[in-house]
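Listed next: structures, encoded as structure tokens.
You will see chain A twice below: alongside chain B first, and alongside chain C after that.
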Partner chain A sequence: MAVHVDANIVRQVAKLAKLSLTDAELPDVARDLERVLALVAVLDEVDVAGVAPLVHPHEQGLQPRADVPHVGLTQAQALANAPAQDGGCFLTPRVIG
Partner chain B sequence: MSAFEAVIGLEVHAQLLTRTKIFCSCAVTVGGEPNTRTCPVCLGLPGALPVLNAEVVRLAVRAGLGTGCTVQSISVFARKNYFYPDLPKGYQITQAELPVCLDGQIVLDDGKVARIQRIHLEEDAGKSIHGDSGTRVDLNRAGTPLVEIVGHPDLRTPDEAVSYLRELRGILVTLGVCDGNMEEGSLRCDANVSIRPIGQDAFGTRVEIKNMNSFRSVRDAIAHEIGRQADVIQDGQAIRQETRLWNADLARTESMRSKEEAADYRYFPDPDLLPLHIDAAWLALQRADLPELPAARKARYQGELGLDARAANWLCEEPPRADAFDRTIADAPELASAFAPFLMTQVQAQLQRNDRPWPEVDAAMPALLRICRKWRAGQLANKMLADLLQTAFADTAQPLPDALAHAESLAGAVVSDVAALEPVIDAVLAKFPGEVAKYRAGQKQLVGFFVGQAMRQLAGKADAQAIAALLADKLDA
Partner chain C sequence: MTATAHVEACLSRIAARDGEIAAFLHVDAEGARARASALDAQPDRSAPLHGLTIAVKDNIAVAGQPLTAGSRMLAGYMPPRDATVVARLLAAGAVLVGKTNMDEFGMGSSTELSGFGPTRNPLDVTRVPGGSSGGSAAAVAADMAWAALGTDTGGSIRQPAAFCGLAGLKPTYGRVSRSGVVAYASSLDQVGPLARTVRHVARVYAVIAGRDPLDATSTDEPVSAVTWRADLAGLRIGVAREHLAAAEGLDADVKQRMEAALDALRTRGAVIVPVSLPHTRHAIAAYYLVATAEASANLSRYDGLRYGQRAPNPQTLDALYTHSRADALGKEVQRRILLGTFALSAGFQDAFYQKACRVRRKIADDFTQAWQSCDLLLGPTSPVPPWRLGEKVADPLAMYLMDAFTVGPSLAGLPALAVPVGVDSQRLPIGAQLIGRAFDEATILAVGDVLQRAFDPTLEVA
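And now, the complex of A and B:
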């Protein structure tokens, strides 16, 4: 089943992914996304009636760890890659709300 | 407004009482210098992988069992994608389609059952401090384990919402799942509120209210929001689906974001985490390990100890208080039905008057039981009791049990022997011949007046029952 991807969908997806695309780029990306979706749509042809959803390809479950604290990074190490910092905090541009 | 009914559902986030974060071994503690409890996992550094904390699973399962949920043999962690500075990975690990617990319930004070839809595990975000020069981010809290308990929209009034939250909090605290501290944010509550004409089945447009950090603010915020929605509809306008924040200072809800701005979170299973399997044998062990829950405790208080519903509810609201009560009355169950209201009224009033915290009382309960016993036995008159408590609770120089013992020694003995009471009673009867005549003419309720007059003469330090008995002898002779 072919899925139609228009410029508005691409804009919305780009916005959610924090990607900036120019209007000129939209048609190419739309076409690429349509091809990806068409590829995956092959799976629609498989009859899955009565088949339980597969939550993970591996059969084993999580192996939880014990609740024992370990020393992590120092404040200086934690902030080492921060473009800006202030008073031991990461400093980001002002966020409203 | 009477033409509408409200439809309310609560979403409660409870911070789990673990030592470490949900997916890494950084310590979970409050306070301290910013960004001193982080590691590559909770900082979201590339290549770092989450490893689930076993204690988180145990506590979530306890929460589920305590609320009558079905614990799922397989649950799956998912990524909730959004961008915010205090969420370093760009997604929150939570559970979406397959949460750890489903289909529970909470029984409210009045016996009404409110259903729980699901309980899922998730990680908390960091803390943002907004300022003029930018936003400061502290990631100590990032990765703190939470359960979110999602209720069905079964509640109809602000009081029902508070009753639900109190009961849920009591369960979580009793189970050691969460410390229940709403002011510090370890128990947080959001409310979905809509209204509809009475008799209509379809739900109205719902509004989500956030930022309520006490039972009082939950009640006030929901009551305010119901009134606001009724006003909007009566003005002929439509309710906007939106998120509103409760402003306790201004006592109103304020718009935060509308549905059009709501994010599309693009949930998908987190490929870094395998499914969580919960084994039936282990689950049976967890079930066997549950302590007495608040509902059972309330029933025991009322059924076995003869407490009224109000006192039983009040004790069970704070599990440590009920624990201390149980320890204290273990050897004196016959006093329980007097001791509980004594704590709830006289003792609580003294705490409030002197601005002292409740846990002091938990430690002083044996001394308080001793005093209550004397009072019930007539060895302390009402006035003497009130003075004793006032003296003890105002005394901050020594621990409360010592202050109570000291005030007890100052209280003296109640006057109850006939030789001391008789002249006082004779004088009272001689002073009020008119009342005596009325009493004898049938106004028997005047006995209270005579007791009061005699008590006044004795500075409140007399045994009221002994006075009443003597009065009856004299007046009814």
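And now, the complex of A and C:
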């Protein structure tokens, strides 16, 4: 499927991906994305009518562990790598007024 | 040799050469010395890896050692506990010498895309060691460690092993726990060993393989012991025309080495069977859509809040996310996140991600069809020998195409082993790839051992 990638598509994808891009970066990113999409257009050759997607090698399902309590991270361990914390919590910018 | 003497020899080589090679991001010299000393004081030396040095790729957690996954995003991060594979190595008596360099989050084929600078190939320092486990391969090839752990999403153990003249195993998906391993593409990632010989790879593999309750994708399929063989009588080795005779972009020396490998196997009793993997030419495209789609979800965890870098003075939560990520993630990582996000986005998901998953099934079916007429497959690991630093780094698509033969087994979840089969006309190492049926690592290891020793009869078998 050929897709023309313009600045609006890149802006929307970057927004979804939570990546800050400047307007100056948009043309290069659009060109990169369009080149990769041209590469993957080879998939159009394959007839996949009636073929179910294979999303994971283990189609028999996962093997969760027994549902019993166990010791996880302590609060101190969970916070140890946080770049900003306050009062035992991760610190975010103000989100309400 | 005592563990202490072995560790000191490795540390000496690191001191002598790693300034140039840059295999390691972190060397735990004092920890390794203390561990070796403690092991030497033990009367019982029967543990399977007693006193042997192992380097660990920097996307695998070792408690007390920093973990970056090759990304500036994780500079300064300290993991709270060992990955399951690390705990198993330690229980088996191994000595961990340090953390090895890698392409950022595993996204690359040359270890030039590390946030901390490239690693060089110890066999020719003007060339890349392969990637993304290039630091692990370089560490072993320079005798800085007896073996190393790598991770492989689309070839990241096998290709650097081939580029550095080593053996390297990507186990069957689900064979080895991923608990404590930084996720790139969760339906593809596997941990595996790199070492000088197939037998050394098998020793490490036997320690790390097997069900782990902390990873719901790990299976309790029994891990068979390898039966080492003197000959290959009765074994059928398939050769896909798309991987050799009709392969696109295959270097002439690589092709010649594969033919020499087939001759060696035939001489030892194997029957060579022509097969076809007709969707080989579609594997790169399917792989890059599936892997980047999964990466776009997995890497959403780097939000500047819980760990990793945080942009200075963000005024809003959204600015915190978007600026932290854009500032600290490398360009190739951002490129892949954007591609994956695009492939999963409304309006494009059916045409890209879902289509790639349907082609993925056709690729897996090709292998199932091949198993009707052969027991394993042989072909090249990489279409070309190790290239020069900087040669492909400016052209991501050219780099993607280097994974042509390794991504197929990854998409199908199959085990695959890189085995050294000599050198090219410039004395650069060439590696064959043996691909096995799911959970049949034992066969590719046994055949890989015969193959490696055919090209190096003096190889130690211990």
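In this text, the second predicted complex is superposed on the first by the 90 of 97 C-alpha atoms of A that agree within 3 Å, B and C clash if a C-alpha of one lies under 4 Å from a C-alpha of the other, contacts with A are read in each partner's own complex, and residues count from 1 in each chain.
Just so we're on the same page, contacts are C-beta pairs under 8 Å (C-beta built on N, C-alpha and C of every residue); 3 or more make two chains touch, one makes a residue touch a chain.
Predicted model, so just to flag it, every value in this text is computed and none were measured.
Shared-chain residue A:E45: touches chain C; no touch with chain B.
Touch criterion met: A:V36 reaches chain C, while chain B stays clear of it.
In the superposition on chain A, A:D86 makes contact with chain B only, while chain C stays out of contact range. Which of chain B and chain C touches more residues of chain A: that partner is C. Touch criterion not met for A:L26: it reaches neither chain B nor chain C.
When the two structures are aligned on the shared chain, A:H58 is found in touch with chain B and with chain C. Once chain A of one complex is fitted onto chain A of the other, the partner contacts of A:K18 extend to both chain B and chain C.
In the superposition on chain A, A:V68 makes contact with chain B only, while chain C stays out of contact range.
By the touch criterion defined above, A:V95 lies against chain B and chain C together after alignment on the C-alpha atoms of chain A.
Shared interface residues of chain A, touching chain B in one complex and chain C in the other, are 12, 16, 18, 55-56, 58, 62-66, 73, 78, 84, 90-93, 95.
Note for the complex: chain A touches chain C at residues 1, 3, 9-10, 12-14, 16-21, 29, 32-33, 35-37, 39-43, 45-46, 48, 51-58, 62-66, 73, 77-78, 80-84, 90-93, 95.
Residue ranges on chain B touching chain A, taken from their complex, read 18-20, 24-27, 33-40, 42-43, 51-57, 74, 76, 81, 83-85, 98, 128-139, 256-257, 263-264, 266, 269, 273-277.
Put simply, chain A touches chain B in their complex at residues 12, 16, 18, 55-56, 58, 60-70, 72-75, 78-79, 84, 86-97. Residues 76-78, 80, 173-174, 187, 211, 213-214, 216-220, 279, 281-282, 284-286, 288-289, 296, 300, 303-310, 314-323, 325-326, 329, 334-335, 337-339, 341-342, 345, 348, 351-352, 354-362, 364, 396-397, 400, 411-413, 438 of chain C are the ones touching chain A in the complex.
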